[in-house]
Every structure is written in structure tokens, then in C-alpha cells.
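The two complexes that follow have chain A in common; it is paired with chain B in the first and with chain C in the second.
Here is the complex of A and B:
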């Protein structure tokens, strides 16, 4: 007969130690350096750093209308993308759970494809679809629907399409997980009591789906908030997001302290989003 | 007899430092070279890395990406560099030398540097000469335009630019300043004049992207670096490229640098020597339309017509004070974002 070995605090510490050391080395230390760097400054006209502590980078972010505008655009764009993903994912996830049958695995596989193949290739594919000479404009022109090309790139429309395409799986998967756990009887019971389909959705299904909705929304919001490749390529330099500003400062201007401050502000908003998500989840747990 | 043998041995030992460096065996050692991907990587592999590996037994490893990434890497690894050779833009090379990130050009270390046109090795070794000219849609401009023609009010908002900061953006600011009667040391005027062209229709991330739209007449023109555009003209009948005369095209140079305190300085110097050599420089001119910096390169008339390859041609180009321009980088990037893109 197999016996489970005793797990003492020492054993636990030893087992955790390699991962903890690794995390400390590759995540905590660089993160702390990022925080410190954000309080340094670039010597004007030089690649050297002035290591005296200053709030100048944060003052610049929160007093310059351009950076505030970039922050605002990033936040509302992330919220908008989350909402669109939710509206698309709710019926899709429910259909996959209830009606896909044997094709369920295949459909889940297809829906997570954008996550597997990375951001670059699908985004470049979207450029071909959305450009003034792309498939969509070409098809609409050949059908006589439009005379000149619709601007689908270099604006919020294009970036939203790209981000929704990229992050829809992050909403679909938690919803599938939640919907699978909702007994079909609840829906039938509600309908037998005279509830219309709309009322069933509003009063029965949506409240039961809330944990999945919160989890999915949090994932999509955070992913959209930090997205770089898609806004950079589909926005064509005209849609300013915090990630693209941070990239420009870090890789092109080489003002690392300012880029670090932009990164820290972005992380603070991620933490805030996580906190809101946790509070909602806790309230839902209490309610249930 | 013993004495003769002794003299012979001493002579042999004393001659060792005079032997060409690549006669040594560098087996098991790796030279790390940072450069751009695509055709440049292919040519460097073919004409530089291949022969160097064959002669020395060393392995050449390429690190591909943008020059900004490489400059960041050099700054981050200042005390312990992992890259030996890096290809940078002209606007990055002088500041890299000033910061002690690269080794100053020296013909004693890299013999082929002696053949580079005088005054070209600024910060690093000059690898190729290209000019910022105008790529234009023939549907919009039946005849090759001058810079001033871009300020036609009908064309407002129909330009395409490379992402800023870049030599294209700085060059265009310098041109705008001169159209307004000043130079780039007066950025207020330069930005105001460039803003008159409107926000660009496209900030392009790839050459195909901008050329396809220009070929269809959706984009009127774009300030672009000569080499790649000229190489692509045969694929796009609706696009022309011109070096304007007033002011002349802006001279842009690709530079090859030996990273300071790198692990393989000797291999780095040999690599740069081969890169500046006649064979590589000729291939650059013939296949990429990048002007050779090596004065010993001989091109056919047809090849020479497509590249900048003589000191006289270089003199006709607009040369920017890159030290000044690079010092304005942070400020100008903010202004570009707000005053050019954010109109």
C-alpha cells in the first residue's frame, strides 16, 4: 500500500524555493528596477541616465494633454473592445455549449486559434482585408455599395476590429465554462412559468453567467489595455495607445525612465482593473 | 646549426603579430552581428559571414531587428556587451561613439576603412550611402516633383511617412525648414511648415503597404530612402522616385560599428573589413541600389545612375547636423506626435 510522505513546512519551502528564486530573479527584480527607473531621468541630448530621484516623468504624463489623451483613448478603447467581445461571445459560447454537439471541441479549437498563432500574423492578414485596396473595400465596390474606399485602417474602427478578433477567445472560454454548469432545467422552468426568452436571458441566464462574464471581461480588458502589435499596425500611427507610446519612448527615443513611468501607470490601471474584478467576484460569491 | 635554428625560431615568433589576423584559428568562437533582416542579412551572409567563417573557423550569428533595438541593447549591455558588430543609422552613430558604446573608426584596425570616401566615417564606419528622395504616384504627379510641389493644397493629407523618430522624419523636417527659408536649427518653423502638409494618410510599417497604396494613387507621395524604393520600382508601374534638387536629397548613411568591449574584437574588425571591401560594397550597389562607400568600387554606368557613388554626388546632398538633431530627439518626437500626427 502506498503511503503519502509527510509534507512538512521545510519540504514545502524546499519545493517552492526553485520557482520562488526564479520568479524573484526574472520578475520581481526587473519589476523593482522598472519602478526605480521610472523615478530617474534622461540626461537631455544624451543616452545617459540621471539617477537622482524625480517625479518629472509622472508629472509629464499627468499634465501633458497628449499623454493624458493617450491614456484616455487606451482606457475607453479597452472598455469598448470588452463590451463588443461580450456581446459577440455570449451567443457564441451558448451556441457552442448547447448546439455544437460533436463539433464542440473543433469549434473551441477554432475560437482559440487567434490566441495560439500570436498577434502579428492575424493582424497582417487584417491589413489585407481592411486596407483601401483590401478585400472588404474591393467587394463592396464591386457590388456597387460604395464608390470610394471606406477608411477601415488608421482609426478606432480598424483597431477595434483587430483587438476583438485577437481577444474574443478570452471571453468565449470562461463563458463556455460557466454556461456548461447552468442546468438546462432552470431555463425550462422559467419558460414554463411564462417568462419570455428575453426575460429568461435577463433574469435567469445572465445572472448565472456573471462569474464567466466578470472573468472574461477582466481578461479582455487587461489584454486590450496592454496590446501593442494590433494598435500599432492597424492604427497606422494615428491611434495613440499607452503601449505604443511606451514602445516609442523605449525603443526609438531611448528615454527609458519615461517609458518606465508609462509602463508603471499602465500596470497601475491593470492592478485597478484586477481589484475591481476581485471585488465583483467576491460580491457574487457572497450573493450565491 | 643550432644557432641558425634558434634565429629561425626567433624570426618566426617575431613575425606572428604581422600575420593577417584571420590566419588564426577561431574555431568554437562566435561573432554576434546585429543588423536588419531581409536582403541586407542575405548579402552579409553571402559576402561577409560565409567567407569569414571559412577563413577563421568561427561562427557568425545574426541578431535581426531595428537599429533602435540594437542601440537600446548596447546601452543596456554597456558593461558586458554580447553583440560584437552592429549596423546603425547615421543619426545614431555619432552619439553611440560619444557615449563610448562603439570603437572609433580606425584604418589601422580595419584596413578597408582607408578606402572609404573622406569624411564619411562619422562615429562608425560608413557602410552605404543612400538619399532621402520622393517616391510619388505617377497618377498624381505626371512629372517628377520637387519638394515644394508636395505643398500643393490639393494634396493635403495624402502623404505617407515612416514612423518617427527616423532619418526620413528628420530629413523631411530639414526639407520643410529649407522650403520655409531656414534650417532644422529652427524647429518651430520646420514643424509649422511640415504641418501644412496635413496629418499623413499612412504611417507605414512596411514598404509593400505604402507602395501598393501609392501605386493605386491613394497616397500621393512619401519621403523615402532611395535604395529599397528603387529596387522595388519595377514591381510598381505607377510609382516614380526622384532625387529633388532644391534642396538636394538628404544624405543618409548606414553605418557599421564595432561594439566597445565586445567579446570578439578581432573577429569584429575582420567582419567590418570584409563588409567595407569591394566585393560586398559592389553587391550592395548592384542588388540593393545602396551607394558604395568604398572608393575602389567600379560600377557600370547603369548601376552608377541608380546610386550615390561619387564625392561630387555626395556634395550635392543635404547633410544634416546629426549631433544637433539627435539631441532634440525627445522633444521632436513629442512635437511630431502632436503637431504632425495629431492634427
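Here is the complex of A and C:
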């Protein structure tokens, strides 16, 4: 009589089994291996591993000023990039929602372009723009604004520009999503109650955009924290970030246990950021 | 009242990308009046209200409030309360915070503001201890909060955009009376937008009937009902509204109906009495409640009963007459003989309109 097949716990298990096996094989196992590896150590002067458990790698990260400095740079750089993205994305997203009209799809397409064409191409393009003989310096010089080239590559400025360029869409998209769901009547009601545009932003729009702000900030922060290609190319090796440290250890020094420990620390910070984001979202959800 | 009116609207125009939403609107509202903007969907009511609130810029014309030209004043300096159709309560603020919002904008101190919040909530019949978020309230309660929020700032003008349209029929009836009571208690000059003529008739001191971006007539409810200026208004006001019968003058004494049938009415309803020449196309408005039903007599309009609706106390009889379907309201006790009947319009001056312009003919009484 009943045409729909029975969905029993057994069939459900069978259905998700392939995905579960795949996840276990390519994600959980390597991850567990990474965790274990981070508590091993490298025998000095050789490639063999000492498998006795030790906290030495972690102690080194949090005591050696070089690694601590890299960690600190990465954290504040990510925070700074998140802030810049937020400041740029708020007016941009609102403008796209309110005024773009038919061009909206196109604009959203353009804004996610950096996401879908990978980190390398746009970054190499930026090198052309930012280098001492590049477009920006050339243009400024020919206009007589500057005499000698501004240093835009191989420093924090360049890396920041590159990261903002790369991750702005991660902020714009969630913001567009929330702003689209805020009826314009709220602003109008606020204005009729005596709120000037600035107050409308502070007391009505920003609080209502908070879910989007939290989501976007979390995405940008995590992306910037783990970014490798962009800081590497635009920093020209002179800006030490956590991802580049892990890469050095894994691919050049070949100290895999230490590289693993760096990776685990990075994951812990990601988890922490995610936790903070989740807590804020939960409070917001409960509040409204 | 003498001198210039409290609210004075002159030649307000507005187009959206070439489509005209408002043609030269003139409107005067006396201080303390309750005025309705009545019209079908899309006639420009909300547009006019938004212009008054300063949320939309008019293409031309000016608005004066209390003798002050507010045409170019930004909305946050106007002190005009606005209640939206969907209430637009801030979802991230509690009920009390919503009502307090405008008071904070005024920079009112805490204790006084809290007192004003209590007052305003009590005035709309809500428990001031309500500590919930707007999302947890029923539609009727949200609407009250929206009104409390708007009146808390003691606005110079209260604008209501279809405040009752999201309520169910019973509540709508109750709340419209409360709105009027609230107005009488506060004395705040109020303009309410509605497309429900019964709502406008029941609450307003004056009604501005709008259509196609124009104000067709601006009158007290009784005058609007008794002497509609156009066929459109006659066919819009009243429950149910007047029947519009297209007819043309055959000679001084008889009319030709839509299907060619000839009707010879009593003298006061004849073309001669209305000053209509033979051949002129007209529309006669016949009020459902003013038509008498009979089977024989002088000057009756012959018709055939198509359907009868019982509406409690009264019945609505749908009658096919000379190619037009009319509605007649009779008391439920009245016996209805056979399908073929005669309809007798009232003896006084008819509501007769020019078929082309829709304007009232011989409205000289």
C-alpha cells in the first residue's frame, strides 16, 4: 500500500556510509596523525622521528620570540584585515542591495570572482599593481604626487591589501544576505521618530545586521589566519605569518613534528574564533 | 476656524520614473481633525503620506504645518508620528524600548521617558509591564505598540498607513472605534490611509477620496454619502456601494437602458428634470438601501431576481435590470414575490452623472 520505501536507521546508516568512510579516510585519520605527530620530535641532524611523547614543540612555539612574533603578527593581521573588510563591505553591500537594481547579479558575480579564481592569479596581478615599477607607483609618480616609489610589496601594507582583496567577498555576501532581509520601513520608522541617518545606522541598522557581521567577520578572520599564498607572494618572505612558518618547517626544514604543532595551534585558534562566533550568534538568536 | 489651516498641502506632485503617482494634490486639514485618505490600491495614498512624513521627496509643491513650511525639512526634524501597515516595530528592541526610541531621540531624561512610555502603553490599552519582544505579540498587540510608539513623542501630526488592514474583521471593527477614541482623547491631528470606505466613514471628520493620483472629493462622511461628486465615488462609498446604471436619454420623459429597454420613470427622475438632452449618455447611481421593491406601480424599473443573499437582518437581492445587475437591500422579513419585480428609486433628485466625465449633473441643491 505504502509506496515510499521505509526509512529505517539501518538504511540511513547504509546511505551515509560511503561519505562517512571517505571523511574518515581523508580527514579524521590524517588529522589524528597530525595531532600525534605534533607530540613527537625530530632527531637532530637526521630525518628520523623520535616517537616518545613530548610537549617540546608547543613549548618552543610559545617561548621562542620568532614563532611567538609570527603568531602575534598573524592574529593582529587577521583582525585588521577583518576590520578593513567590514568597513568596506558595509557600505558596499548596502549599496548593492538598495541601488544596484538589475546590475545586482552582475555585481555579486564580480565580487565573488576573487573567490572562484583562486589565490594565485589575483595576487600576481596585485604584484604588478603594487611593485616599485608597478601601476600605482607609476601613476603617482607621473602625476608628481611622489618622487620615489612607495614600498607596497614585501611589507604588511602589501599583504593587507592582498588579503582584503582576496577575502572581501566573504564579508560582502553574508552582509548582502542580511541587509536584503531588513525591511526599509525600519529606517523610515526610526527617522520619523527623530533619528538622523547616523543614529539610524547605530541604533537600528547595525544591530539588525549583526548576524551578517558576525558571520562575515568569522569567515574573513579564519581565511586570513590560514592564508598562505597571498602573504607569501606579497610579503616576499619578509612578512612572517603562521602559515608560512608551518610551510617552512614542513617543506624546507623538514621538521614535521614541529610543523604539525604549528598546524595544531592554528587549528586551535580557528576553533576558538568559531566558538566566539557561535556564542555571539546564539546570544543574538536568543535576544531577538 | 479662521486663518490658514493647520496642515496646508499645495500642488504636491510626484512621479516614479515617468509614471505619475500624484497630480497636484491640494489638501487642508484643521487642527485636531481626523481625516481619511480613501481610495483603491495604487491611487497614491501611501505616496502622499510618505511625502508628509518627509520620507519621500515631492517633485513639486509645498507643505505647511502649523504655519511652518516643512517641505524641505528632513523627516527626523518633523515630529510627525507614522504608523506603518506592517507596524515596523524594531525586532531587536523590547516593546518598551520601541516606545522609548523616539523619546531617547528627543534626549528626554530616563525617569520622564519611562513615565511617558507607561502613559503611552496604557493609552492604547496595553499592559506597561510588557517586557517582551515585538515578535512575541499578536498582530493586534503589535499594532497597538506601533501606535503607542508614534504618539509617545506627542507628534504634531499622526499618520496612519492602513493601520487596520492586517487585523481580522472583528478586531478591525473594534480597533477603528478605539482609534477614534484615542484621537478624541489626545487631540492629535490624524490622517489615516485606508481603502476601506466603511472604516473611513466610521472614523473620520472628513474624507479625501482619491483615485489615479488625484483627490476627487474632500467632504464630511455624510456629505460624501449624500452627494458624491463623481460616479466613481458613488460606486465606492456605502455598504454595499451604490449601483451604477448606465442609461441614455431617449426623450424628455424616458431613458434607454444598456440593453435597449425603455424606462419611463416618475417625473422627478426623468431626463427633463435633470436637464439632460435627448441622446446624452448618463450614469444613474441607485443606493441599494434606497430602492423599494414592488410588483406594480408607476415608474418602476423592471427587473428579474437572480440571487438572494442573507446577511443577517437584511437581505441583498441581486436583480438583473435592463442589462445591468443591481444590488437591492431589503429587510429580511420582506416577502419577495416571484422572480419578476419592479424597483422604485426614491422620489428626490437622482444621483445622475455624465457618462464621459463621470461628474455629477445638476448637483445644484
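We take it that the second predicted complex is superposed on the first by the 283 of 288 C-alpha atoms of A that agree within 3 Å, B and C clash if a C-alpha of one lies under 4 Å from a C-alpha of the other, contacts with A are read in each partner's own complex, and residues count from 1 in each chain.
In this text, a residue touches a chain if its C-beta (ideal position, glycine included) is under 8 Å from a C-beta of that chain, and two chains touch if they have at least 3 such contacts.
Model, not experiment: these values are computed from the prediction.
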Clash or fit, chain B versus chain C on superposed chain A: fit
Which superposed partner A:188 touches (first chain B, second chain C, both, neither): second
Which of chain B and chain C A:135 touches, first, second, both or neither: neither
Contacts of A:76 with chain B and chain C, given as first, second, both or neither: neither
Touched partner set for A:95, first chain B, second chain C, both or neither: neither
Which of chain B and chain C A:232 touches, first, second, both or neither: first
Chain B versus chain C as contact partner of A:45, first or second or both or neither: first
Contacts of A:27 with chain B and chain C, given as first, second, both or neither: neither
Chain A as apex of chain B and chain C, Cα-centre angle in degrees (nearest 10): 150
Dominant toucher of chain A (residue count), chain B or chain C: B
Per-pair minimum CA distance [chain C against chain B, superposed on A] in Å: 49
Chain B and chain C footprints on chain A, overlapping residues: none
Residues of chain B touching chain A in the complex: 66, 68-69, 71-72, 75, 95-96, 98-99, 101, 161, 163-166, 199-205, 209, 212-213, 216, 218, 326-330, 333-334, 337-338, 341-342
Chain C to chain A touching residues, read off their complex: 50, 53-55, 74-82, 84, 86, 88-92, 101-102, 105-106, 133, 135, 149-150, 153
Chain B partner contacts - residues on chain A that touch it in the complex: 42, 44-48, 64, 66, 127, 131-133, 149, 154, 232-233, 236-238, 240, 248-256, 258
Touch list for chain A against partner chain C, complex: 183, 185-186, 188-196, 199, 203-204, 207-208, 287-288
